[in-house]
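Structure below; questions to follow.
Lettered A, B and C in written order, each chain numbered from 1.
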Amino acid sequence: MKDMQKPERSKSLFRFAAPQMFYPLAGKLAPWFAGVAAILAAIGMWLGFFVAPTDAVQGEVYRVIYIHVAAAWMSMFVYLVMAFWSFVGLVMNTRLSFIMSQALAPTGAMFCFVALWTGALWGKPTWGAYWVWDARLTSQLLLLFLYLGFMALTRAIEDPRRADKAGAIIALVGAVNVPIIYFSVKWWNTLHQGASVSLNKAPSMATTMLTGMLVMALAAWAYTIAVTLWRVRSLILERERHTDWVIAELNAQEGKV
Amino acid sequence: MSRALGPFAAVLSRDLLLAWRGRADVLVTLAFFVVVVCLFPFGVGAEPNLLRTIAPGVLWVAALLSTLLSLHRLFAQDHADGTLEQLLLTPEPTVLWVVAKISAHWIATGLPLVVVAPGLALLFDVEQGALGVLILSLALGTPILALLGAVGAALTLGLRGGGMLLALLVLPLFVPVLIFGAGAVDAYLSGSGAQAHLLLLGGGLLASLALAPLACAAALRIAVE
Amino acid sequence: MLYANALACVKGDRPLFRGLSLRVAPGDLLRVAGPNGFGKTSLLRILCGLAMPESGEIRWNDVPINSDRESYHRALLYLGHAPSLNDLLTPLENLRFACSSGGDKVDEDACIDALVRIGLAQQLDLPARVLSQGQRRRVGLARLFLEADRKLWILDEPFTALDVAAVADLTATLSEHCAAGGMVVLTTHQDAPFAKAPAVLDLAEVAC
């Protein structure tokens, strides 16, 4: 009997305690990442908008890439991280992993939207149209739909346990499909409009341009981590609102105010 | 082996029998396909060259939409009357009867589309040689749609507004199938040969046959929990 | 033997019960009692392996049911709230499908006998949608006559919507199953005329 109960207890401790342990940790880390993000973003903007030279062909307009490229990179990367946490959650049955992937989704979708928006703004002067069915823009659009589907599904299911697992499955299915979608769209694109202007012909980059973009990408990383940690905290509070530690925590916070 | 095939055969034959008894639903799906295809000339004008150009895309998009229309029926009835719980309690692997259900669903809703499509293609004056490619691309592509769609149907089982959610979940996943399916016919018409497209569709069918039932089975377990 | 240890169940965010342990040995008939909303159905679904408990574990013949799902479900017959009837099929077709999809070979005559015995001789070929509530219930229960091989029966409110004679027949069948070394776990609101009073598990005692 005893040897049967032991693993049970440690397992339930693992499952229940993890969010409780993570909550204060996330609270401590998030402001630091937010600070780093703000500083990096300021440096990146300064490099991009004041230091980097004007492009010979595109003029000042090209400067939107300092936001556009970082956002596009981040939107794809965040989806992979989401799929990773979903996988961990399904295999290990840890709640925090599911919370992580759900906390990441809105940020990923936001970056996706920013990438599309800035892409359109860039496209108008460059291509003469806000939108062309370029392979990258199109797969970015489909990625946005995947994000929206994930968020809609996890919010439509009331039971949090079902929502977690269902969301994890669709995230994994999406992750398997993202490369397929990307390559099929690329193939479709080369077949249908080979002659159009493509993002591939980006101007050869000056070192300051590259540095600026990298700094902006790092800023996006730090921002994502900070925002996700804050979102994880509020999700933990919502999920565990009936537990003693959350009630104590909330009372303590109210006491401070 | 025969023991494992028992549930597979039982589910397949029952679902086909049910599709036959409820054939009005199947006919509605088919009618939807025909009507959607026939709407396009009214929207874009009856210029024969234009219609010829857009025909593969139109047929494929319409096939995709009618697949979507029937998807929510795949598990809904079994979920409501408790059959799904019983099926999940069968000792044999869940994927077996999941594949049986999806197969029956495709035979009832996908296969009629494949059969009707060439007739509709003639309305768009598609070259007769391309009809074979169209049939083949639909025969390879619509099962993929059913397999991917089944995952979405299982995930949205019993949810309010499940139909719209299902569309949002699966339509982005359908895009590659659409590209290669319609692309096969285009490639044939442009003279570059449809073989590559059809091979990719075949590969996609095998891959989704291997993976989608697993995801679908997991989603069904979650849905009844 | 079915053995459950320290089960806890949470529905949505509401904890239903905690620290529930039970043991069902061959020949046992266990009645799960408790007011509505105390998790009787949830407990049965957890025992079947359809739902996961919040914590705790279930063993069948000393093996956790998650690690050998197949042999557990080969020994289990669960009849839930919903009668799992498709309206477009006849009772006979429904019954045959229920058995064959469960992996059991049953011939048509045995199915007909079972339906006749439970009082559906007149309805064999009618579509299930025209049956009354009690008749629908019986189609599901007819499986009990065919599946004595399955050691463990888990039944959710089997007596609902049955008349007195049917209740008596059902209790006799359940007692017979137990006498032959089977196990029964059931929930019921009404007092059924069992020859030997069943063991009772009251969920009110372990409620949160």
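Methods note: a contact is a pair of C-beta atoms (placed from the backbone, for glycine too) under 8 Å apart; a residue touches a chain by one contact, two chains touch by 3 or more.
Computed from a prediction, not measured in an experiment: that's the story for all the values here.
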Central subunit by CA centre of mass proxy: B
Furthest chain, CA centroid comparison against chain B: C
Chain pair with more C-beta contacts, A-C versus A-B: A-B
Interchain centroid distance [CA atoms averaged], chain B/chain C, Å: 37
Length of the line joining the C-alpha centres of chain A and chain B, rounded to whole Å: 32
Chain centre separation (chain A, chain C; CA means) in Å: 47
Overlap residues in chain B, where contacts from two or more other chains coincide: 225
Of all residues in chain C, those that touch chain B in their complex: 48-52, 69-71, 73-74, 76, 78, 80-89, 93, 97-98, 100-105
In the complex with chain B, residue positions of chain A that touch it: 90, 142, 145-146, 148-149, 152-153, 156-157, 161-162, 165-166, 169-170, 172-174, 176-177, 180-181, 184-185, 187-188, 191
In the complex, chain C residues that touch chain A: 5-6, 12-13, 15, 55-57
Residue ranges of chain B touching chain A (in the complex, touch as defined): 148, 151-152, 155-156, 159-162, 165, 168-169, 171-173, 175-176, 179-180, 183, 186-187, 204, 211, 215, 218-219, 222-223, 225
Contact footprint of chain C on chain B as seen in their complex: 3, 6-7, 9-11, 14, 17-18, 21-22, 77-78, 80-83, 85-92, 97, 224-225
